[in-house]
Amino acid sequence: MSGSSFGTIFRVTTWGESHGPALGAVVDGCPAGLPLTEDDFTPLMNRRRPDGGLMSTARSEEDRVEILSGVFEGRTTGTPISLLIRNTDHISSDYSSIAGIYRPGHADFGFDAKYGFRDYRGGGRSSGRETAARVAAGVIAEKVLASLGISFETNVVRIGDVPFAESGEYVRKLRSKGDSAGSEVLCVARGVPAGIGDPVFRKLDAELAGALFSIGAVKAVDVGDGRLAARSTGSANNDAFRAESGRVVTRTNHSGGILGGISTGNDIVLRAYFKPTPSIGLTQDTVTRDGVECETAIRGRHDPVIGPRAAVVVESMAAITILDALLRGMSARLDSVAGFYGREEGPVLPD
Amino acid sequence: MSGSSFGTIFRVTTWGESHGPALGAVVDGCPAGLPLTEDDFTPLMNRRRPDGGLMSTARSEEDRVEILSGVFEGRTTGTPISLLIRNTDHISSDYSSIAGIYRPGHADFGFDAKYGFRDYRGGGRSSGRETAARVAAGVIAEKVLASLGISFETNVVRIGDVPFAESGEYVRKLRSKGDSAGSEVLCVARGVPAGIGDPVFRKLDAELAGALFSIGAVKAVDVGDGRLAARSTGSANNDAFRAESGRVVTRTNHSGGILGGISTGNDIVLRAYFKPTPSIGLTQDTVTRDGVECETAIRGRHDPVIGPRAAVVVESMAAITILDALLRGMSARLDSVAGFYGREEGPVLPD
Amino acid sequence: MSGSSFGTIFRVTTWGESHGPALGAVVDGCPAGLPLTEDDFTPLMNRRRPDGGLMSTARSEEDRVEILSGVFEGRTTGTPISLLIRNTDHISSDYSSIAGIYRPGHADFGFDAKYGFRDYRGGGRSSGRETAARVAAGVIAEKVLASLGISFETNVVRIGDVPFAESGEYVRKLRSKGDSAGSEVLCVARGVPAGIGDPVFRKLDAELAGALFSIGAVKAVDVGDGRLAARSTGSANNDAFRAESGRVVTRTNHSGGILGGISTGNDIVLRAYFKPTPSIGLTQDTVTRDGVECETAIRGRHDPVIGPRAAVVVESMAAITILDALLRGMSARLDSVAGFYGREEGPVLPD
Amino acid sequence: MSGSSFGTIFRVTTWGESHGPALGAVVDGCPAGLPLTEDDFTPLMNRRRPDGGLMSTARSEEDRVEILSGVFEGRTTGTPISLLIRNTDHISSDYSSIAGIYRPGHADFGFDAKYGFRDYRGGGRSSGRETAARVAAGVIAEKVLASLGISFETNVVRIGDVPFAESGEYVRKLRSKGDSAGSEVLCVARGVPAGIGDPVFRKLDAELAGALFSIGAVKAVDVGDGRLAARSTGSANNDAFRAESGRVVTRTNHSGGILGGISTGNDIVLRAYFKPTPSIGLTQDTVTRDGVECETAIRGRHDPVIGPRAAVVVESMAAITILDALLRGMSARLDSVAGFYGREEGPVLPD
């Protein structure tokens, strides 16, 4: 089944495994005319790279994005943009010991059950490395959105039970034991106009939640007050409307900027909860492909916490989702459609 | 934008407003040969109906489902099944006072921003009544799944901050004040085989989360340990594999039956968090369509808690999602495809 | 598999069999604000109805279209429009004799091979009656297009080998023998702006051809000069561009208004070729469901030529296809997107 | 709009322009376990390459296909297969003269009208070179189909008005004048089982026609007798069913192997009609981007006839379409679904 594409109008298809020659994304449906160079990818790709610090692996990829199509004279042409990222630092031998066993917390067993066999090198398609392609696509989405006045702020807010700013010692201890920690990422989108999203199955929050859950290791998503809204009362949770300089606004934002699946113009507030990195150095019980019980301790280079490098992936998926909803929304009103097409009476010379 | 369909192979399209003559669903892609009668819909439709008790509105619809197509001689034919539910108990005058104002916590303002105007009667398309069509479709999905040994157990586990079993007094007090409460629904799917779901964008948990968030008022979703996994460590959160009578199993199920987007064969465990009913009798600040600040108190018949009637909607959406993933998964392996098609050498008489 | 939906943004789902209580369509993604009443459907639905003349069956349905949702105060709301057409004149006993045999030229055998059994009454889902739902959806598409200055002219141009105007005697003779004739329908769309359609798989002509071939009995489609272009030379077939009052035009239109999958602003010219009605009164060889060879002569009421009633179906499918392409095309350029969204700096009061 | 993907389960996304560094395809949804090497692509890619003879351009690309993902230890893994083909022989200066004019018979004007500007080098995305990526994807589809006993035979049958075998002199004369000719390609698929395709919008012939029309320069498609069926009578056109060794067969095949959108088990017979190559050396009238009338004569290397190199593209698109329909069809019957999933009672060790 073709599950590697996301979006309807702005459509991203990713491909590639951790240990193949490269991975990449095809971005179809990007509006024509966006200035785009290979340097544009550097800032976000760098946010996803390991920083060599406490929270990340020693594996280091340059993650240079090459544009193979869809850009001409520095601007997007409206045709598919093919983005390529070479794998330069994979060491296959790191993974040879896990070919025959099912790593706890990983998809190995599921892959075998589904496909009959799997590319066991570094998790194959399930590797966190696949998200490099999403961030590359996210760069394009964020550039389009920025031109519409929409911006993002995304941060790790918690590691395990500890606020991020105070989490150093907590992570150091776990890491020294060969253990790992969960994490929580907060993503806020500012400037999304009111009226984006659909009322039923394609609610903006439904699409955003699906997008965030499509990132490996996400186990929970909140929109606005999220889980806390379920502990609240209507009188406390409703955001009262106010009028301000001719605009409808709300003073509070418990809803996280989405009501009934449609944006309100307020900040869109999302939280993604990541489980601890499943690859740990501690010894765990498991079974081999042949059904023999055994023990395993995962070697290789693994981040002890997922959130810090995944934050930009959360932001990228949010940007792709919001842009797709924006583009789909242009035909919601007949007067908009008529304003767009009705002005001409036939083929005209392009300006 | 066409946001009223859900699913790829087993595809559900809902239509209808709270105050039109009827609402319904078209279920396309249901396998042929499923026994189906109009009586099959009664049990689940009844779980969604108000019970006249503490937690639900006095509005009462019989919610009889009529089958208009796709069933012949008591079995589905593989062609679209059109399901119709008449609206018999709507009282439009209840809603006339809200035509010109934006109800806090509702999509009214978003609808106007998106479409330029809206059907203001009872929330129109955003009414909880739309979910009756989803439950009707869910009945069919659950029947197919039951024939494959897959079953569901779904319960309200919490109202506000109180466990459901002890929540009577809490709800009574809020209701008497004209206020409302949030709630939490737990849904467990049993018997889903290992290997269902895709590794990247169409992860089984991503699709389930999107499905649950597409239900109005859901503000958070957990899979397995959900948010708590973000507080845990890898050694505590990983589910060790064991071998049991030739099967791969896990003793714990922190993952909620899904790893890397693919089912493990364990119970699939989902939690949906509902905000409090936004329609409350207490006076709230808001603005009119013309931007004039005003006060409003919502009249009409509204449940003080959403979870009790929405639990079956959660289950229906989960069933539709899992069935669609199951049907899509049949072509994952070449040997399965060859086993399916390769056995014949040409057109044969059907058995 | 869910094959009963068509379109991406303007999405039509049809349901219903010839001999069920009703059939219908759900039209999702229609822009909000289109004036629509049940009377709007009458002219096109009447073009599809048998006229009692030489070329059509005696079966007569009123084909009144009921609007069940998506319209409020006389205008579309942007939510799904559910259209219902009751079956009032089916006589099931007419078809009982064919339950056990495979009618030549019909899908009976294919249905059994695919689904294991079938609704044999009047062709079930394969009945020409299914197209009533398409025409109902086409009415909405044509209304939207008309508001953009786009109109259609569709005619039967040939019955068998005879120009339509002179075909009376030809049809009379075939009909008296219990035989049937093929036919050719010409459909011209005027006023479609230049720039509609995509360059690769979703070429406008590819989508139109698929749409026309989805009408039962269509065996060939031409765009522009069609098959004759394959007999021509580049110098004769190319349409030279000219400038006229500031517009790019062509004097000839061999291309039929589409080049490289994108509209040129010229008339879009389509031809659909229908096979003869397969239901004929003459005796034919066939087999039973049990594989026994036998003879059959089809009783019941059948048009001797398909084109005259199907012309409006061709037009409806063309309209649905063109409208969907128009709506998808609104986001092709960044300056258009920015013009649409960029003008506002936050949520504003709708006008 | 994302128009560069094709198919639902077996989904092909192409990218790339004539004059970028490379072009390619991502094939998602290919069943796992198919043996696949880079050498497998050579035969079909060679059929698409210019042979240096009378009918093709002197431009020569090696068209070596590189596999970047989705294959492990020589077999497909079920994850996306990324295929890359480098552009090695493009000479941009050949095209500089056409940057500012609209070539007759090409999409230049449409691109400008749609996107505001275009990659004018060699037609950009509209170049016939894009089809190299389709053939690469077609190789995979044909390999899967071959394992199911399905094969193709595809030939150019006519150049202009002349049968292909006798067309040498005709082409030579046109070419020497700087003119070009139309052509007709016949494609036959053998071994497709009965029961493939859907009854309504996704009729197998509708999808095949759309697939063939998505190839640039196709202006007409026939299925079976095609246009000639419209000149025939029911008694002559119906294919009588017969029983033969326990199978339902037909002696004639006017229908081309598809009835009511569903395959009959007979050969599937398709004809694609190509217009003459629009790039001709003869002088033609046209206009510049600024609306000034002018003359142009196309320089550069262009095939004088499209059919000979496009035949394998027709076959590839047919193969992709049929495979996707086959995979979608696996869930048509409940007993098939139950047979597939019902046999297990929980997660089992993969074999």
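Per-chain numbering from 1; labels A, B, C and D assigned in written order.
Heads up, the rule we're going with is that contacts are C-beta pairs under 8 Å (C-beta built on N, C-alpha and C of every residue); 3 or more make two chains touch, one makes a residue touch a chain.
Given the structure is predicted, the values throughout are model-derived calculations rather than measurements.
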Chain C reached from chain B - shortest hop count over touching chains
1
Could you tell me which chains make contact with chain A and chain B both?
C, D
Tell me which of C-D and B-D has more C-beta pairs in contact.
C-D
Using mean CA coordinates as chain centres, what's the chain B-chain D distance in Å?
41
Centre distance in Å when chain A and chain D are each reduced to the mean of their C-alpha atoms:
34
Whole-angstrom distance, CA centroid of chain C to CA centroid of chain D, is 25
By the touch definition above, chain A meets two or more other chains at residues 1, 3-5, 8-9, 14, 29, 32-33, 78-79, 109, 112-116, 125, 193-194, 199, 243, 246, 248, 264-265, 291, 328, 331-333, 335, 347-349
The answer for chain B against chain C in the complex is residues 1-5, 7-11, 13-17, 20-24, 26, 28-29, 32-33, 68-70, 72, 75, 77-82, 109, 112-119, 121, 124-125, 289-291, 347-351
Enumerate the contact residues on chain B facing chain A in the complex.
1, 3-6, 8, 14, 102, 104-107, 109-116, 125-126, 130, 158, 160-161, 174, 179-184, 193-203, 205-214, 216, 218-227, 229-243, 246, 248, 250, 254-256, 259-265, 273-280, 282, 284-287, 291-293, 328-329, 331-333, 335
Could you pull out which chain A residues touch chain C in their complex?
8-9, 29, 31-34, 76, 78-79, 144, 147-149, 191, 193-194, 199, 243, 246-249, 264-266, 326-328, 330-338, 340-342, 344-349
